[in-house]
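Down below is the structure, laid out as structure tokens.
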Amino acid sequence: MSRAGALALKQPPEFEPAAPRAAQEGPVIAAPVIAARGLSLTYTTADGPVHALSNVDLAVAPGEFVSFIGPSGCGKTTLLRCVADLEQPTGGELTVNGVGAEAARLRRDYGFVFQAPALYPWRTIARNVALPLEIFGVPRAERRERVAHYLDLVQLFGFANKFPWQLSGGMQQRASIARALCFDPKLLLMDEPFGALDEIVRDHLNAQLLELWRKTAKTVLFVTHSIPEAVYLSTRVVVMSPRPGRIIDIVDCTALGRERPLEIRESPEFLRLGQRVREGLRAGHAYDA
Amino acid sequence: RAAERVTLQLKWVPQAQFAGYYVAQAKGYYKEAGLDVTIKPGGPDVAPPQVIAGGGADVVVDWMPSALASREKGVPLVNIAQPFKKSGLMLTCRADTGIKTPADLKGRTLGVWYAGNEYPFLAWMAKLGLKTDGSPGGVTVLKQGFNVDPLIQRQADCVSTMSYNEYWQVIDAGFKPEQLVVFRYEDQGVAALEDGLYALEPKLKDKAFVARLAKFVAASEKGWAYAAAHPDEAAEIVLENDASGAQTEKHQKRMMREIAKLLDTSGGRLDPADYDRTVAILLAGGTDQPVITRKPEGAWTHAVTAAEGQ
Amino acid sequence: MTRRAARIGLLTPVALIGGAALAVAAHRSGTAGAAGPGFWLAAFLVWLAATLAARDIAALEPRTATGRRLVRLSVPLLFGLLVLVLWEALVVGVGVPAVLMPPPSAIAARFATALPVLGADFVQTCLKSALPGYVIGSLSGLGVAILADRLPVLGRGLLPVANVASALPIVGIAPIMVMWFGFDWPSKAAVVAVMTFFPMLVQAGAGLAATGGIERDLMRTYAAGYGRTLLSLRLPMALPFLFTALKVNATLALIGAIVAEFFGTPIVGMGFRISIEAARLSLDMVWAEIALAALAGSAFYGLIALAERVATGWHPSVRTG
Amino acid sequence: MGVVLALLAGWYLAALFGNWNGAADALARAGAIPDAEKIAAATMAQERPVVPAPHQVVSELWRSIVGMPLGSKRSLLTHAWVTLSATLMGFAIGSLLGIALAVAIVHLRSVEASLMPWIVASQTVPILAVAPIIIVALGAAGLTGLLPKAVIAAYLCFFPVTVGMVKGLNAPDRIQRDLMRTYSASRGQILARLRWPAALPYLFASLKIAVAASLVGTIVAELPTGAQAGLGARLLAGSYYGQTIQIWAALFAAAALSALLVQGIGLAEAATARALGARPAGRVPRSAR
Amino acid sequence: MSRAGALALKQPPEFEPAAPRAAQEGPVIAAPVIAARGLSLTYTTADGPVHALSNVDLAVAPGEFVSFIGPSGCGKTTLLRCVADLEQPTGGELTVNGVGAEAARLRRDYGFVFQAPALYPWRTIARNVALPLEIFGVPRAERRERVAHYLDLVQLFGFANKFPWQLSGGMQQRASIARALCFDPKLLLMDEPFGALDEIVRDHLNAQLLELWRKTAKTVLFVTHSIPEAVYLSTRVVVMSPRPGRIIDIVDCTALGRERPLEIRESPEFLRLGQRVREGLRAGHAYDA
């Protein structure tokens, strides 16, 4: 019932620096968190099949931060949903943390931030954020503490008792981020989490996320449309092309190091990486035409 | 000459209880009399006085207690003929309950019908000095459904039955007559008059209407006489008029025979003595809600049966 | 606004006083049973005034909550008074026999004098028969809907059977229930349970099917079990449907309990009273019982509707924002 | 299938226990020494059992459906047809009325305020008490046959539709309504293009209840008119003559009829849902089952 | 009934260059399309009032392109909703096209792109886009033509017959843009229309929108979180600060001219304007703390 809860219990909201994780630095050497081989997914619709994913190969090592970027409708969400065992691939193999996607889901290995906020309208913001904690059997007092902490993190503290429809679009999105973070999953799947946020809040949350990632042993799969954001946050950026959705480039960003001040975004290395991603994106669009 | 129309509202579903009318219809007695008669079947929720007050019928079949009660309520029903001389109402008990005499009823659970049939019962209980409101020393009364299951399933010690109908259902259920104890209301001196024909008082001022009814009553009596003489054929005629197709031949034939025992053979004219007895019983009603509170006036007439004799 | 207020100020008294006058006039010996055209014209005018007043009052938008409540209350009241007055006028004016349709005044008088009887009947029928039956029927409807949803294989077999079983006509099952559960209230409660089962089954089925994709996906990511998903997501989501069933059942339960008493009862209960008084042509008593049933049913319905507002305050149909 | 078998077995058991006392009683009255085996056998073959055994009901059904010529008064099919036609007519009247009322309530506040309490009150009027009045009144007005029954059926079935549709027509959420507002769409357009499609799930659920209620109404209406045709008359006659098996057979016919009707509405619902692109129930979450 | 429709009729999907509009170049001289004075809006919630807008003064001239930028939850959506007569301001004055907001809405003066796609789930994409045309009474043939044109514009041509849930988030957003454009309103209110789109598609749609704006006499109110996008598209950028939501800066971008190639985004003037907006935004956030 509460394996994730129990696990989470050991890490109070004030994250102490986790155990040294130097051994995990090198990519794709440790047992991969995500291993996809020839992954394909075709939706059958009334007017013919839609090839959302085609022959995707990907391995993500523990502690990696992988961003996905690609034209609208290229299969990013679908890929994340496969990892989360919310879609059944129609071909290929996929393991998550060494087991099948379903087993991983049942072990509560990950937290998912959906592209839409998906808040329950009958729960207040605080109770929406508390939902996974309730399910994982976290005791009430700790629940309250964590909810407060994460609402604070996403700058929604004063809105704990509001209902979702009383919040602006960006605020709803932030509430859903807090909901995914609050039970401290080892693997984070985030689908355009910062899409509806202004630059300042976005920078703030980028920094918070990066810090969280650095301090805890999280692996993050992150979908975004912002090239700078992708490069700034990631150890690798995966560029995809649409119909059939496939990977056309993987840009390694480890050269930027783990400590990334905001200013790094003006460095030539950063701009170079960004340019490479942009070219991949453009190439992806060319496929589309 | 166009046939004169008469609409008759029955008290209950088509069965041998009303065989006289169906036979008169089927044998053409009504037509011979120059009448066009419509027979409306009744049912559990059809109150004949209501129908006649609403203009839905010219003549209704009703029991006298109910008719007199309606009269007091403002539906000026008048008895114009009384085909049934005797009452078929009985209280049927299981012998294994140990009930032997009416006195043994004390403390028992009794099933009673309520659609007007409860008045004689209440009068009887009053006569016996048994309370019916559930207080100790009285009897427990159940409003019985349409059938005799409460007796068979021991939910009641006794149930109401008609000699021509429900009693035989008990027998059909596997009881032998000696396993039952039967109290006939007739024998207990609390019998009220049952199926009679009633019309509205104001309309009876119309001579033509009376004449029409006279023809109707005479033809009906002819039907009754034929039915009593040919019970099996009468039962078949009734069955043909049962649109539900649920009645059985065996049951209807038996019913017809029992009905024949209750009939008045003197032409359907009401015997004022019977009337007086019924009124006396009803006035003695002795419950919190008496059936009638005062002696009715002009509740019967021989005008129709007299006219018929002419 | 002010013109509307003036109209209300004018029309409401006209309707009320005119109505009262009409009801009284109907009873005058000259009018009763033989009302002339003048009387009917007056009746028509009263009706017109009341309708217009009701329309204007309904269109009011008071600032305060109390004011809004007043408006909510006064319109149906006005409407109801109108119905009663016209009923009285019609029945008395035309001279309809009381055994067919008694005037409201007679019903009210009977209601007042028969209070102890009505009270006993209410306890027997509403509290002892309808209420337990309602609870059992609604809960089991929900239960079967959940069961069928939980075990689709079972559901495929169970649902058609449940459909069959719960569409049983009351007149058919009432005698059977009397046979099984005896004459007293348990058999009535059983009838009510059977009657209320089906609406809940259907609505709960629709409600459980209403849960959208992404909300459910969220629960899946938590590897939430069936029960958890049910409690935290699907039942809340189904609440509007469940309340629809509860509301329909509120009235059904009462009808069920009353009608079941037509098929054998101890000598107390609203259905018992209605059936015997109807046979005795005491229609004033019948209508007094019907009025009691309507009052009790409406109150129960109102309670459920209130609970609905509280429990589904988030739903757009309630929020209306 | 398994469910049906289990139910049958349960039914036989119920017949065994339900009839036990009665059978023992009857045997004792007949003078036999009641041993268990005899009693058990007798429970299955009583003439007026508390619970008739399935084969008794089946044989009665067989007798009155197959054994009788179509159109005969004793054929259950004839009666079923009589009831069905009134049911369908009442259902049509009732559901149209219910929908019309709901539309009026949703659009006109004065209707909601003045009518709704009275509609509720009307539904608490015991139908069996007013059915004769209605039938007498309609009969006086020269309307007999199908229509009075249909009127009572409609009376019973419009209410579930009204309640459900009021809910359903109000179900569109704020943003969906706002869209229509921006087009300053007329009420009719909003009804046709937004409220109505959004209310369809509610409508179909309500219609299922309504059709069952309509059948009950028809049967109730067949009572006061006494022994005329129809399943109601059949039930009444069975009840009047204590023929349990006949009651059960009529009950089964009625129930089967209503199950068919409900099923029919279910099919219409599924077809509509398909046409309106309802998301198929989706891959059933394996673990959630 | 179909004024907007009739008006639109005159402009076939292939927009010919409209009548010369030189006279409208100078801002705030012609009668303003939007004129707000002291506009305030306070939401009352269970736990106290939320001041979403406070004392907003704004005048928008015909043919202007005004972007709104500000921290998440600062009242941008609320302001647009007031203009659209979807919220009732609690204070101040507001006229739209010289009349009250309600009158303007009833005249169908504007098209609104909501922050969420708000597609009707029971309609296919094509029919969703056709919805306003249906309501405005545009004949079927023309409806089909226009839908095809605008689906093409937002690069959704192959998806006309899909249902909303079969589309990715970005595709849904584009469908909702097509829906607002297809009836060719004179005033466009767009709430973060491009938030879920990748850079390439976004650039494409930016260019398309700019072209549309230049060729037709549209006035656009545009909410975005992207500073470059705001500067690139707008004649003026309005910077807002939250709780209470108010305008803290208005940046005039007419200096960039009306013809704006994509390359203009590297020009020093562009960067200077962007910097000014960024500073305003930052200042807005300071208010919040």
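Order as written gives the chain letters A, B, C, D and E; numbering starts at 1 within each chain.
Methods note: a residue touches a chain if its C-beta (ideal position, glycine included) is under 8 Å from a C-beta of that chain, and two chains touch if they have at least 3 such contacts.
Bear in mind that the values here come from a model prediction, so they are computed numbers and not experimental data.
Contact counts per chain pair peak at C-D. Among the other chains, B has the CA centre that is most remote from the centre of subunit A. Averaging C-alpha coordinates per chain places the centre of subunit C 19 Å away from that of subunit D.
Averaged C-alpha coordinates give centres for subunit B and subunit D that are 35 Å from one another. With centres defined as mean CA coordinates, subunit D is found 52 Å away from subunit A.
Our note on geometry: subunit B versus subunit E, Cα centroid distance of 84 Å, whole angstroms. Shown for subunit E are the residues in touch with two or more other chains, namely 116, 165. For subunit C, the set of residues touching two or more other chains reads 100, 175, 179, 213, 219-220, 223-224, 262-263, 275, 278, 315, 319, 321. In subunit D, the residues that touch at least two other chains are 50, 128-129, 132, 174, 223, 236, 239, 279, 287.
The touching residues of subunit C, counted against subunit B in their complex, run 97-100, 175, 178-179, 182-183, 261-267, 272, 275-276, 278-282.
Across the interface of their complex, subunit E is touched by residues 175-176, 178-185, 189, 193-194, 197-198, 200, 276-279 of subunit D.
Contacts from subunit E toward subunit D in the complex involve residues 81, 84-86, 105-108, 110-112, 114, 116, 118, 120-124, 131-132, 134-136, 163, 165.
Contacts from subunit E toward subunit A in the complex involve residues 43, 45-47, 50, 69-73, 77, 115-116, 161-162, 166-171, 174, 191-192, 195-202, 225-227, 278, 281-282, 285. For subunit B in complex with subunit D, the touching residues are 10, 12-14, 41-47, 50-51, 54-56, 145-149, 152-154, 166, 169, 172-176, 179, 242-248, 251.
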